[in-house]
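Okay, here's the structure, questions in a sec.
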Amino acid sequence: EELERRFQRTVDAEQRIEPRDWMPEAYRRTLVRQIAQHAHSEIIGMQPEGNWITRAPSLRRKAILLAKVQDEAGHGLYLYAATETLGADREDLTRRLVDGRQKYSSIFNYPTPTFADVGVIGWLVDGAAICNQVPLCRTSYGPYARAMIRICKEESFHQRQGYELLMTMMRGSAEQRAMVQDAVDRWWWPSLMMFGPPDDASTNTEQSMRWRIKRHTNDELRQKFVDMTVPQAEKLGVTLPDPQLRWNAERGHHDFGQPDWDEFWRVVKGDGPCNAQRVAHRRRAHEDGAWVREAAAAYARKRAGDAGGTGRAARTEGAA
Amino acid sequence: RAELAAYCVMLGDDALVFAQRLSEWCSNAPELEEDVALANIALDLLGQARMLLTRAGEVDPTVRPAAAPEHVPDEDALAYFRDERAFRNVRMVEQEPGDFAETVARLLVFGCWRLALFERLAGSRDPVLSAIAAKGVKELAYHRDHAAQWALRLGDGTEFSRERMRAGLDRVWPFVAELFTPHPVETRLAEAGVAVDPAELRSTVDDVLDRVLVAAGLPRPETPALPAAAGLAGRHGVHTEPMGYLLAEMQHIARSHPAAVW
Amino acid sequence: RAELAAYCVMLGDDALVFAQRLSEWCSNAPELEEDVALANIALDLLGQARMLLTRAGEVDPTVRPAAAPEHVPDEDALAYFRDERAFRNVRMVEQEPGDFAETVARLLVFGCWRLALFERLAGSRDPVLSAIAAKGVKELAYHRDHAAQWALRLGDGTEFSRERMRAGLDRVWPFVAELFTPHPVETRLAEAGVAVDPAELRSTVDDVLDRVLVAAGLPRPETPALPAAAGLAGRHGVHTEPMGYLLAEMQHIARSHPAAVW
Amino acid sequence: EELERRFQRTVDAEQRIEPRDWMPEAYRRTLVRQIAQHAHSEIIGMQPEGNWITRAPSLRRKAILLAKVQDEAGHGLYLYAATETLGADREDLTRRLVDGRQKYSSIFNYPTPTFADVGVIGWLVDGAAICNQVPLCRTSYGPYARAMIRICKEESFHQRQGYELLMTMMRGSAEQRAMVQDAVDRWWWPSLMMFGPPDDASTNTEQSMRWRIKRHTNDELRQKFVDMTVPQAEKLGVTLPDPQLRWNAERGHHDFGQPDWDEFWRVVKGDGPCNAQRVAHRRRAHEDGAWVREAAAAYARKRAGDAGGTGRAARTEGAA
């Protein structure tokens, strides 16, 4: 009781909870779940863009894209490390991902049929992610907040690169402009879904707000994203595919239509165009790599002269 | 100058094609740390390729393929608008990646070889080549060490990993001899103090490889060298069959939209 | 007429893309007789594709992609110079072949479906479509029977083959629902007596498949249908990720030499 | 002795030996080896051209190429069937091929880096094969002779298609003409090697001639091929890469240079640019297909109600 009050006072005072501090079990569990899902999203998120690395149409774009996908792997690593400060185990979390027991952001369950998708993912998907994540830089749990600061910095960089690619393509051939518009048409609604269901259909928000894990509601963040994106779309010269989209001078915000929430729930529940493919890809990579991780662990044990060592040491060792 | 450009293309193609193969690992590596590491190595090589191909275009504008649209920079003109027969990379780098052990074996051999080459090339009379090589030496030392560490872990890990590592080396070995076979352009430019004669690298590379293999408890492979086709191999633009598929994937979008700007 | 051309492209792309995948088996089949049989089937489908794409170009010359050089015939303009988003095939046919059992499963389902479709299409008001369908019916009956025979052999062969066949059907099943989902063009042309509404084929195809599965002692797969991406699937040109790689391989040489004559 | 004399009389009278006839064991062994090598050549020969099926740059050429490679599989089947009339077993011969114990034509150990190679293989390689094979249509062993008649007919068709492709390419762009010339430069000498070593270095010829398995020496056939090809090359507008090539009015034949016989022997012994690849490809296909052949055999046994049936019955069954 006393511990719990002290914990809440710390949080209310906008101070950080650190790994050695006492915390409510539900707070810990909520955080592990949230950070793990975020980590999984970074890792699964490597695939839709990774689809274009070998086919990128200029060496400069190839290098930018490869570096970006590499950053996503890096983000996954920081975030898994943050869950480990809460007592979670990366191997266990990975198992949950590849067994379909833990989720990742549904946005990555859509395919990337053109190179313009790479730009639009940078612009809209990373843009939406930043809206979601900037407040997390002040989240109550210290290691998570610090990871988010670094991640947000890199995501902004990726977003600018995505936007710059689209700008370049819009200045190119008519075919390229059509390609960009087509990609915007396909990604706009899924991007709006990234903020989660409307507030009245959202659970958990209240407790997460009290714990300062979350600071804005889904609808607030979605509004912010739309307001930020509309002028960027104009500058780019693309049309956002929402006939209800218009400036509301009274509210000082844009009005906009609602995504297809039935589709949202279907994709969240696993029934999206790429869910099975994304998880199968990750599972295959994880299982194909098992013998390598085992070898690294065995080698580390031999070197340590410690036949009872665990896989953990080996993993660190393996991370050359 | 045509020969200097041709030489830049050879070294650039080695890096470009190997970077392409290594980037196929991205999201497929045995652990996330390795996704990061292999992407890093691919990025280093891609960077070397871009500098070398750009340099080739500067030195001799006629290396630009006729098929390349005017607005495309030299590096992309060379990477995306040449046909298979115009690529000058050694055949080792175009092979399908195989399993992780095979990739480690290839990276180890290639890293040792290119490091030895760049160490000498840093003394080239051509100031640009010399600068590119000096920068590359640091990168390549990391590539070699990374691969060597994995060769140790796999060679001295489990029975299974040892067998895979041994098999991976066997599959890479047929392509080793070609690394040390000079093309006439290399020989002539080496005499002029501009290039490195790859034949001179053999003992340096062998020493390093032998030390790694001994430390990892791995036998030196005995698979025979892959011959040239009637004297023609990678440096003459005669490649193995995986090359065509690699280029199809790499070039398809760029070739499909010649008027595009990316 | 634009809709008739679009419809010819849909049916043509199904055949073209599946022929491309089946031709990957050539020199890789489990026995020589099967190299011959799968090549035959691929050739039949390729023939259907050529007639349908040519017909599309005749009916509506605007289906020719702008990127196609003038001297290229319509069939090649459509096959080689369209981007992925312009291909209208169902997503089933673009999947990687998988093992032999998966190929048999895909050929069985596709063969049953297209045979049922062509049997009705033979009565189309469009005389060319009707003739193409009438010719195709004989070919497709052979494809279906060939696949059905293998489904029996594998389903009632060894324990291992039974398991592979079951797994192959599981992998193909998610793509079945799309076969029976009409695109608005199909619906409208079916009302006009020109096309076939694929929704009407479901029970015919189900009956045949059920009979084969029962005879082979195989359970009906229960893997869920692969959804469209926001309502868009193959017929709208939104494909799965293997499609881009298939096109890269198929189109690379044609795209690389636009001025060439083959 | 009497049997042997009667056998030789039949052969000398240009009559056919049939499977049920008595034949010398050495004749049988020589034939099995020769026909098997020929069958293996057809099967391995599927690979260099098969390399281009998925990338053929027009649908018409794709269909022609696929049909051609399919014919090669068909030729392999006739020829294996001919060996079976001599008591050989296809599975056993295939084992010998994939284990590297039996050879195939060395020409298939060169790579096919451009689409022009498809045309040049049709023109030169099939052309050389026809020179070698036409006399075999009158060979003394009946099933082999009949298989060769069918094969030669199809090969002539393939040769004309190859030549027609080259003609079309030569009428196309400058790039295409260069591509054809390059392919001719690479394939000319290996094509000359297809007739085997010079007569003075060739073994076995004499006995094979007496048995009417062979009817012309290697050098005779090579000369015939050169005389036939030179005017075709002129018509095509390509240069054959032999500075010594010229018409010798006195002999009524072309004089020409010798291929690099050291290279020939190296490639025959397994040391060519694609030997390992070709055999590994065949081995993989054969081994990957083992479970399918076993399933077909098991199914056939069940249907026959004969639990003791052999794989042979199953293979026939499998050959739908």
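Order of writing sets the chain letters: A, B, C and D. Residues in each chain are counted from 1.
Convention: a contact is a pair of C-beta atoms (placed from the backbone, for glycine too) under 8 Å apart; a residue touches a chain by one contact, two chains touch by 3 or more.
Quick caveat: nothing in here was measured; it's all calculated off a predicted structure.
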Comparison of C-D and A-C (more C-beta pairs in contact): C-D
Distance-maximising chain from chain C - centres being C-alpha averages: B
Approximate Å spacing (C-alpha centroids) for the pair chain B, chain D: 37
Cα-centroid distance, chain A relative to chain D, in whole angstrom: 58
For chain D, residues contacting two or more additional chains: 55, 175
Multi-partner residues of chain C (at least 2 other chains): 67, 83, 248-249, 252-253
Touch relationships between chains, expressed as pairs: A-B, A-C, B-C, B-D, C-D
Residue ranges of chain A touching chain C (in the complex, touch as defined): 51, 55, 110-114, 175, 179, 182, 186, 189-190, 260, 263, 266-267, 271-274, 276-277
Partner chain C, residues of chain B touching it in the complex: 67, 83, 245, 247-249, 251-253, 255-256
For the chain C and chain D complex, residues of the former touching the latter: 16, 20, 23-24, 26-37, 39-40, 42-43, 46-47, 49-50, 53, 72-73, 75-76, 79-80, 99-101, 146, 149-150, 152-154, 156-158, 160-161, 164, 249-250, 252-254, 257, 259-262
Contacting residues of chain D [partner chain C, same complex]: 43, 46-47, 50, 53-63, 66-67, 69-70, 73-74, 76-77, 80, 115, 165, 168-169, 171-173, 175-176, 281, 284-285, 288-299, 302, 315, 317-320
Of chain B, residues touching chain D in the complex: 66-67, 83-85, 174, 224, 226-230, 232, 237-241, 243-244, 248
